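Here chain A shows up in two complexes: once beside chain B, once beside chain C.
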Partner chain A sequence: MVDYPLDLLALQVFAGLALGAVYVLLALGLSLIFGMLGVVNFAHGALFALGAYVGVFLLGTGWNFWAALVAVPLAVGAAGLLVERFLVRPLYGRPVDDPLLLTFGLAYVVVEAIRIVFGKQPEPVETPELLAGAVFIGVGYFPLYRVFLIGVAALVVLALWLLLERTRWGLILRAGARDPTILRVLGVDVGRVWLLVFGLGTGLAGLAGWLAAPLQGAAPEMGVPVLAEAFVVTVVGGMGSLLGAVVAGLLVGVTYSMTSLLAPEMAKVSIFALMAVVLLLRPQGLFGRPGGLMA
Partner chain B sequence: MIATRRATLLAAAALPLPALVRAQGTEGPIRIGFPTPLTGAFGTEAQDQVRAAEVAVAEFNESGGLGGRRAELLVRDDRLNPGEAATRTLELIERDRVDFLVGGLSAAVQLAINNVAKERKVLFNSISQSDAINEARDWGPTTFHEALNPHMTAGAVARHALPRFGKRWAFLTADYAYGHEMVRGFQRAGQPLGMETLADIRHPTGATDYSTFLPRIAGLRPDVLCLCNFGRDQQIAVKQAGDFGLKRNVKLVAPVLLYTARLAGGGPAFEGVVGGTSYYWRLEETVPSARAFNDRFRRQHGNRVPSDYGALGYGGVRTVLEAAKAAGGTDTAKVVEAMRALRYDYYKGPQYYRGCDHQSVQSVLVIEAKANTARGEADVFDIVAQEGPEERFLRSCEELGHKA
Partner chain C sequence: MSGTAAPTRARLPGLAPLAEWGMRHRVFGTWLALAALPLLLPSTALATSVVAYGLYALGFNLLFGWGGLLSFGHAALLGGGAYATGIAIAHYGAPWWAAIGVAPVAGAGVAFLMGVLAVRTRGIYFAMVTLALSQCAYHVAYQAVGWTGGENGLRGVNLREVALPFGMVLDGLDPRVRYGLVAVAAGLAVAAVSRVLDSPFGAALAALRENEARARACGYDVRAVRLLAFVLSGAVCGLAGGLLAIHLSVVPVETMHYATSGLAVMLAILGGMHSFFGPFAGAAAFLLLESAVARWTEHWPLVAGTVFMLCVLFFREGIWGTLVGWLRR
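Entry: the complex of A and B
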């Protein structure tokens, strides 16, 4: 057995947390939409890829990374609004697999549209100059951009938490997730709330896609592995739990990271093994409650 | 009533031209089955294989085909899955009645195709890297291998890189046959040169994040980090190794440095990476057949240049069609004989199939990626070394289990 220096182990944990931050960003939108609307959005990965390509397009027309960082979630979120209004809304109240099948098909349409518009070849995306290169973080060198992603993930989670827990709109959201009928009786336009939630969730998918582009470039199929990873995080954390998505994202990241050190060829399998164990011990996920409400 | 009248008409029409009718009735076009992973992690490379194969077919048909018989390419998506590839291959043979098979991209998938093809005694020309396909256990008398194999490729790159960049090597390897065979190739060529393997880290194929594999490699302080992976895996791994600052004191080396991965990864990420290849379009500056192939490809495909794996699609199809011409038909045994007799220079200089295993003996180029240049976005590599087409760079027939 190889002996691993403490520095390396610490760096490996840090790498896992940084990767976990990426997973958190991936999973938030999926978790939000499921938690509030009960819709399993299979188009999440495709919208992630769409986010990367909207960014590539904007870069091509002379925008910089930061401006795109603001515009991409708005654009993909707007696309999400249209999807909810015209495709998902007619399916509310029908069995859960109806919207699932719809979004499954939508994913194919979006990916194929990307292929038609941008071509099948992946596009390179440079790391923004300000964040290029590696920094020394005490135990070793680590890419600055990934440190930045930890910050972004923390900010997004904080903003989402404030929105849900500290605003009137958040109150309506949480109430709507528990009992839409009562809310409707109280005179709240639940349809509009759901519309905005769907837009927010898809906007987050787009944001995650653009943030991932400097790590791996943009490719039409880039959302396929992401969808699987986002589902693992959501299931481990508990479907629909915001806190769960955060804790599970970090846990999955560290699991992947430590496995890649100790048994690298098992890295991909390890996160599914983690999911299986969690499902055996706590079928509702770490923070899930029956009914799948936001914690 | 109508049916009888039509039959009579047909019979009447057929009378003056019995030869032509027979040619179309019993022989028809030459059908080439082309299974390749159009979707999946190697999709970009596979699509270029198809483009180049289309060039070979178009050239053949324009030059009159085989006594008027035209060639036809039947492309099938194997989704980078050996099971799927076996099914598609079986369909191509049984239902579509193909005369030959060319294709495959991925070591495991081409072996699956080869298994089906050799069982049914259909000629298969593989255009993807594999060592196993040369070995007596997997090889069959109808098996040809137009691509390089890992032993040749890794050998050429190791002999170039080791004296220049250092002896302490770390490998980051895609965990499947291609990756394993490449590492073996590097180590075997590196051993007499004093190579020291610090680590061979195997990552799952199709990984999109390498950040968790890189801290250990950085800690080992190797002279060379050898990325034995392919396609999008290579593109992402190179980018992320650079993000970790590894390129400052570690030379990045890849057994096969892909044109498509370099385009997708961008100039800054790939600058300075050294690797092997079977083909790079700028070979046209010294090799006339490369010039002719590139020009033809440019004309047919909107002025773009062929990639390395694309060019293999051309070589794989053209050799089969030329052999059919030489054999005067599509009878498998005769075409196999004609293939074995070929001494050809179709796109990259002299080549021939070795007698015992039908491995195409050919040159290996060593190339280095450079930053974006003013010469256009296709100008991405410099050819820094070349190993000639010589059998001494192949494993011997005896070692592969063939009787001499």
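Entry: the complex of A and C
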């Protein structure tokens, strides 16, 4: 095997963390929605693409990257509110597959709507000027935008942690994840909590899409591989575990970037191999509780 | 209801017994449909597609409708069979019976590899894991250019002749011959699936779907039953893939794509996951609607997605299930 200099490996790990930051945001949204509502959102990848395209649209109307960074999660989150209220809500109490199937059908509609409005060709998205260029991070120069990605993901994780652990609303959320019936008996409007959680989760998907756009551009189909990869992250981390989503997101990102350096032809397959190993050794995921979903 | 005035609901006399007959003789009924299909549809090619995709959806529904396991990875099973048949014909010039014969074996093999991992999970986890594994299979097919043609697809899958016993040779390029080949293979597979569902194994599968804890308490090995169901489903879907490869003369890499996995889910839901013939009806309705919609818009997925959501929200039994339920009322 060829010897790789240590600083190159370190930079590659850092690149993996940046990629992982996007996975973390995606998996947090999936895990939040699942942990509270018991719904696997198959439209998560399509909403990721929608986030990128809402950003592209806003940029086209003269907004800058930063304004879009605030507006995109709000817009996609608002779309999520509508989806929960009018499409997912009628399915509570039905078999667990039903909301999953519904969001699966929704993904087709969203992706095709994007194609109708923006066309089939991918749209390039430029890195904002402020974040162009590279920065010295001790072992070498590293694209500033990727440092920014890691920072945003860290901020979101911190904010989410504060929300869940330090606010009254977070208390209601945690209680709702454990026992919605008791919560309802205590006088909390659980339906409204679920609505907001769905909006929050989908908003995170939109944010991830807009953050990923400068790296890969925007394409209507960009959500399909992302959905599979986000599922890998949730399976590795443990479904419904937020800590698992963070650790597994970074782990999957680093696995991908390291194999693309050491064995490029294996890169795309490597994260699925990681998932297979986790399933064999610890089927509930790294931070999942045994029982429940596992046979 | 008896004793009160007769229900005012419109009833078509004579059709209820027909529905009962169809439920009792589901294999024979399907064979009749296979025989009539080329006469009912505008082209033989469309009829062949309906049969191949119908068999794919039936194989998927063996796991979903009867076993209660929702897989989003069946594209890998269809693709495994399609590539096996395609490689047998394009690389080795195999005769028709060998080319078709390897398809279910390959489908079952891929299903075994995926199933060993996937049956360790259940419920919605199962859907996620099978989706991820089939995405992995897609990347493998995409990169194994020497075998699969990679991005360009596997070309040259031309079955030129179908040699029968007693020196009879049929022209493999004639669409009617291809339909016959596909329909006979599918008809045999349908009979096999029906037999499996009637067997003690079929009862065990249904027991797992209805109440896993009780089935386990009865002594069933949950993982083994599910793995076997997945492998059988893989054999049927693999065969469907092989038939599709012969029908299309090419195996595009999209056969392995996520959208193909989703197609099986759509067909089963659209036709009716709780009825034996539903997946076939779903395939027929889907492909007919697709070719009709294609005349006025290229945005077929928008229509398909909307119809699918409406089915999930309001017509959970699908077209065929609703129709049969209505006739038997």
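By definition in this document, the second predicted complex is superposed on the first by the 289 of 295 C-alpha atoms of A that agree within 3 Å, B and C clash if a C-alpha of one lies under 4 Å from a C-alpha of the other, contacts with A are read in each partner's own complex, and residues count from 1 in each chain.
The criterion applied here is as follows: contacts are C-beta pairs under 8 Å (C-beta built on N, C-alpha and C of every residue); 3 or more make two chains touch, one makes a residue touch a chain.
Predicted model, so just to flag it, every value in this text is computed and none were measured.
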| On chain A, do chain B and chain C fit together or clash when superposed? | clash
| message | Is A:257 touching anything from chain B or chain C once the two structures are fitted on A? First, second, both or neither. | response | first
| message | On the A-aligned overlay, A:106 touches which partner chain: chain B = first, chain C = second, or both, or neither? | response | second
| message | Taking the superposition on A as described, I'd like to know which of chain B and chain C A:124 touches: first, second, both or neither. | response | first
| query | Should A:219 be classified as contacting the first partner (chain B), the second (chain C), both, or neither? | reply | first
| Which of chain B and chain C A:8 touches, first, second, both or neither | first
| Is A:16 in contact with chain B, with chain C, with both, or with neither (first, second, both, neither)? | first
| request: Please indicate which partner A:268 is in contact with in the superposed arrangement: first for chain B, second for chain C, both, or neither. | output: both
| query | Out of 25-33, 61-69 or 79-87, where does chain B run into chain C after the fit? | reply | 79-87
| field | chain B and chain C contact sites that coincide on chain A, given as residue numbers | value | 225, 265, 268-269
| said: Quick check on the complex: what are the chain A residues that touch chain C? | reply: 34, 40, 87, 90-91, 96-98, 100-102, 104-109, 111-113, 115-116, 224-225, 227-228, 231-232, 234-235, 239, 265, 268-269, 272-273, 275-276, 279-280, 283, 293-295
| note | Within the complex, chain A is touched by chain C residues 70, 72, 117, 119-125, 127-129, 131-133, 135-136, 139-140, 143, 212, 222-223, 226, 257-259, 262, 265-266, 269, 299, 301-302, 304-306, 308-309, 312-313, 316
| said: Touching residues of chain A toward chain B in the complex: what are they? | reply: 5, 7-8, 11-12, 15-16, 18-19, 22, 120-127, 132-134, 140-143, 145-146, 215-217, 219, 221-222, 225-226, 256-257, 260-261, 264-265, 267-269
| request: Using the touch rule from the top, collect the residues of chain B that touch chain A in their complex. | output: 39-40, 43-44, 47, 175, 201-204, 206-209, 211-216, 218-219, 232, 235-236, 239-240, 243-245, 260, 263-266, 268-269
